[in-house]
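Chain IDs A, B, C and D follow the sequence of writing; residue 1 opens each chain.
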Amino acid sequence: MAETVLDARALRKSFGAHLVLDDVDLAVEAGSIVGLLGPNGSGKSTLLNVLTGFLAADGGQVSLRGSSVGALPPSSIARLGLVRTFQLPRMPSRMSVREVLLAANRAQGGLFDALVGRPTDTARTDDLLEQLKLAPVADQPASAISGGQKKLLSIAAALANRPSVLCLDEPTAGVHPSLREHIVAMLKRANAGGVTLLIVEHDMGFVRNLCRRCVVLDRGKLIADCPPRELTEHPRVVEAYLGRKVARPVVEVPA
Amino acid sequence: MIPIIIDIVLRTGDIALAAVALSAGYSLVKFPNIALMQYATVGPFLAYLFASWGAPLVAAALAACIAVGLIAVLLNITVFDRLLKSGSAIAMIGSLAAGMLFTAALLVTAGPDSRHFDFPVEAPLNVFGSPVTGPQLLAVAISLAAFVLLAALLFLTDIGRCMRATATNPDLARATGIDARLVVRVIIFLSGVLAALGGIGIAVKGELNILMGQDLMLPVFAAAILGGLGNPMGAIFGALVIATAETLAATLNFGPLIGKAFLFIPANYITAASFLILVLALLFRPHGLFVNEVKRV
Amino acid sequence: MMVRISAWLTVGMVAAVIAVPAKADIAIGAVVPLSGASATQGEDQRRGIELAVDEINAAGGVLGQPLKVIVEDSGGRPPSALDAAKKLVAVDKVPAVIGEYSSGITLPIGQYLVQEGKLHVNIGSSSNKIRDIGPTAFSVIGLEAVSSKFSAEDVAAQGWKNIVIVGPNNAYGHGMAEGFKTEFEKLGGKVVSTLLYTEGQTSYRRELQQAAQYKPDAFIYSAYGKDGALINREAFELGVNKTPWYAIYFSMCTADSKPEYVVGQYGMDLNYIGPDGKSYEEAYKKKYGADFKTSFSGYGYDAVKIFAAAANKAGSVEPQAVKAALIEVGKDYPGATGTITFDAERQRSYQPYLKLKKTETGMDVR
Amino acid sequence: MSEFALHVATIAALYAMLALSLNLQAGFAGLINFGQIALFGCGTYGAALAFSHALGPLAGFALGLVLVVLVALLFARLGRNLGADYWGIATLSIGEILRTIATNEIDITGGAQGIGGIPALFDTGSPLSGRLILFAVVLAALIATWFAFRRLTQSKFGLSLRLLREEPQLAAAFGYDLDGLRRRIMLAAALPAALSGFLFAHYLTFVGPDQLFASETFVIWTMVVVGGLGSHAGAVIGAIVVQCLFALVPFAKDAFGLPSEFVAAMRLVLIGGGLIGFLLLRPQGLIPERIGGVRG
């Protein structure tokens, strides 16, 4: 049994009268890849937002490697190694792709470093751009590249941050299949390098390919926690997706 | 006590209409329109001009309000809509610049002197032992009538429902067949009318000069932000808070507390009261007194 | 890009400078606030200057040449005022500059002019600091010390002991309040409160109610036309005018007020009844179709006139020569604002004031 | 003439420092500061207060720095959880509050009458050479500011500023401490603004609250917008263009025989029209920001 790196206990969050997270417990083991599933509006993105500090929870606590991060601002949580990407990554229109990737690694980026004129180390970034096949667009405004490239860039940027846990919000939704391969390979490489992954995803092929464990949210409640292949057999999951009990469920939900 | 209440009511009237206009405009077009303060200046000047041509005051005021409303719509179509694409802050700077051009236009056409509407001098009425003048009652009546009409429009009519729907969720409103552009224009027109009316109310009680909009700016922003920008009815409450704070700061004698005959906050700090409230509100309640949600970024 | 812009700027600047017509006239400069918060006073100053120029040129000009006053706007901004003063000195090469209105602007431009060896004539600022500007600086307006002494004595003579001072929260108001307090307390009176209001407000009810709580024997106030109109109206509406009001510069305080609001007020004002004063008042009314807007036009007028007289006497417009002549001319010079006599520091040493009281039928000279 | 040109150049250089400072905040970091003139005022009052307490100019400079650090930290503190437009209004209010204090605390600040007679920094006997030396110092300060700011914005720190401006949420997700960033930018931008104020006080020899009207902030805004938000060269060019136009308006009046009111309205039209015209027709300004400028 590996050590638990991310531990959420009894998380609650409501918007007005609408309860979005209802006593959610989630423990993620170091080095694992966990899929987070659920129908639209089940609270997946909210859970990600609460875990990474972008939303304040109404109750419960989140700890990273044993220390509580619940009250910290998102930037502090990111600095502790819990990093995230966004479902629709918005990219700056007046920064180039290379600049975004450079900025993602905060090392030696302080005011003092700037004043003493510490040179910016771009070699690693340029290598990364080559690897990601983003080199041809490296000098274009980051907002001008395709949606798939933006996802690729945002994941690469998040990894450049050297996270211990990376939360991904639909990393391959709407991405061209050839780029998708790329993203999967990059995530596998990262995981092999020790990064724990928590992935919100609809694409079952992707989930089966990558995840050894899936958790399913429905209307703010955690309803299943099992390997991906058992999902299709799980009655509550089937009910959540199809709204009724059926004999032979199909859970290939499109993005 | 009564004179203090009367002062608060009068001051609320000064600020509230422009604050409501600011908030109503913000609910649909998401930037704080500084040019609104100049609408509150142009309105009374136009009314004064029409009155000097012989129009009765009510007709002159009405015509001025409609003219300012049209100017507001025109400016929105030609300038602010385009600037908003670069962000709300850019649009705000644009509205500030537009305001300067209004001031320049008034400076050339009307000059820097102040004027006043010509009412006969009458002894003030006695309201609960406090003197109140006819024009003051008129100004308060104008404000009240405007609020009632606005509330009726927002909550009782179809167009009002469309406005509120568009304000909460423009995409959804469009999907349900609401002509969002039309709704925006109506609200912008109304905000121009309200600001002009607010200015006319002030001018009726006192005087009009080209700096009055500039002096309104911070109290009006303070009121609108206290009420929650985008919440027109909240702005009235915000105006009440500002007026109360200013009036109490001016008239409360703190002397007896420390055993002196008199101790007032110096008069020259009274105007700073609203600036201070604005800063405090922004520090602790940036989304208004009625909203508790805290955004982390 | 940068080079191109700079080149165009240079071309533009040179073109504008060349385009300035060659000057056969005798020119002096003036810096007044034609825009910004004090534009009303600045415009009135400009009118006075204009009237003086008309009159001088109709009578044959200065040293046989037509006189020209180049009026520049300060915008109420010290940097712009300094732009204007430097332009007048360095480009128009004027020997003398008159102005400004606000002490905060008069001081820096005066100091600059003195450094350059040019004449400076103060026509609108009354701060006592004006006295220290330097050897070529003159004031045709009495500084605070002069007017405060007069009004404090007048107020004390009415038998009022406890008074509240109401004035604008600017350099003038601060100086007036301070000066009056010093002089009045020397005479045994007591200033129970000084209330400096922010100018240009849409109502002064709150300030008036605060002042009324002190229940003084009299209010001593000074206000520019537009603020004064509102203060008088609201004092009337609130019944605060039942206590005596004393206006420092009566016409300025009450210019825009309806007579009903200011009946019974006491006050002091500049004396326009000097030998030159009556005709000046009439000329002003004739040209602008109105009474004086503020008390400041007369000083602009007097400054230009006394400069012309001194230049004629000196037979030159060279600053040092005119300075010497100004000191000579400035002994009992009959100005529109009364007799002008400079003291040893070239400041107006005495100013005749009127003691006034407004009655139902008109204005009484007490 | 040369004397006048020297004056215009000195003022333009002083304003260029203010424009560089505002540009670092607004152009690079997206901080819409409507209270910029308050930072300048810290410098002017630092010089003036030191003078009125018979302390030397060095003490004045130090005092200005202390004041400006406090105000900059206050601005940055306000920037927390406020949108850009809200923050603009907040800074405007603080600027007005500080001006009110400067006007009213007569015993400390001299009130509305200000503090006059501040000595010129370089007393060489002849005023002209003193002014020449001061201009050289101002120019040197401007160039130093320019190079320092260029170094900041072309470094990784500059990238974090631009990320803060464009996508604060992404910056937070990358682990950038947004409050800390704002604080550092405000401090970095405040120092040259205060230096400009300090030199201005010794140039004009007079300091008063009338120098701190909010309208001055908008003059600086016009300079930055005309020159190009996010471009150092743009800020400097914008300051030169606007100051030269200001200085030229009276000449145009003389040349074409226009009435003096024209000058008054013209100043407003230049600021307001310049702002709105550039925002609408050339939002990138005379010198557009360079994208992708940061490399090895």
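We adopt the following convention: contacts are C-beta pairs under 8 Å (C-beta built on N, C-alpha and C of every residue); 3 or more make two chains touch, one makes a residue touch a chain.
Source: prediction; values computed, not measured.
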item	value
Chain at maximum distance from chain B, centres defined as averaged CA atoms	A
Most centrally placed chain, judged by C-alpha centres	D
Distance from chain D to chain B - Cα centre to Cα centre, in angstrom	31
Separation of chain A from chain D, taking each centre as the mean of its C-alpha atoms, in whole Å	43
Chain centre separation in whole Å, for chain C relative to chain A (CA means)	71
Intercentroid distance (Cα basis), chain C paired with chain B, Å	36
Junction residues of chain B - those touching two or more other chains	107, 111, 266, 268, 271, 294, 296-297
Overlap residues in chain A, where contacts from two or more other chains coincide	54, 73-74
Chain C residues counted as touching two or more neighbouring chains	35, 39, 169, 196
List of chain A residues in touch with chain D within their complex	52, 54, 73-76, 78-79, 83-86, 89-96, 98-100, 102-104, 106, 108-111, 113-115, 117-123, 139-141, 154, 157-158, 161
Touch list for chain C against partner chain D, complex	1-2, 5-6, 9, 12-13, 16-17, 19-21, 34-36, 39, 46, 70-73, 75-80, 82-84, 86-87, 89-91, 102-105, 107-108, 111, 115-116, 127, 129, 132, 169-175, 196
Complex contacts: residues of chain C adjacent to chain B	35, 37, 39-40, 43, 169, 192-193, 195-198, 200-203, 205-207, 209-210, 213-214, 225-226, 229-230, 233-234, 236-239, 256, 258, 260-261, 293
Residues of chain D defined as touching chain B within the complex	30, 32, 77-78, 81-90, 92-94, 96-97, 100, 103-104, 168-169, 172, 178, 218, 221-222, 225, 261, 264-266, 268-269, 271-276, 279-280, 283
In the complex with chain A, residue positions of chain D that touch it	148, 151-152, 155-160, 162-163, 165-167, 169-179, 184, 188, 230, 289, 291-292, 294-296
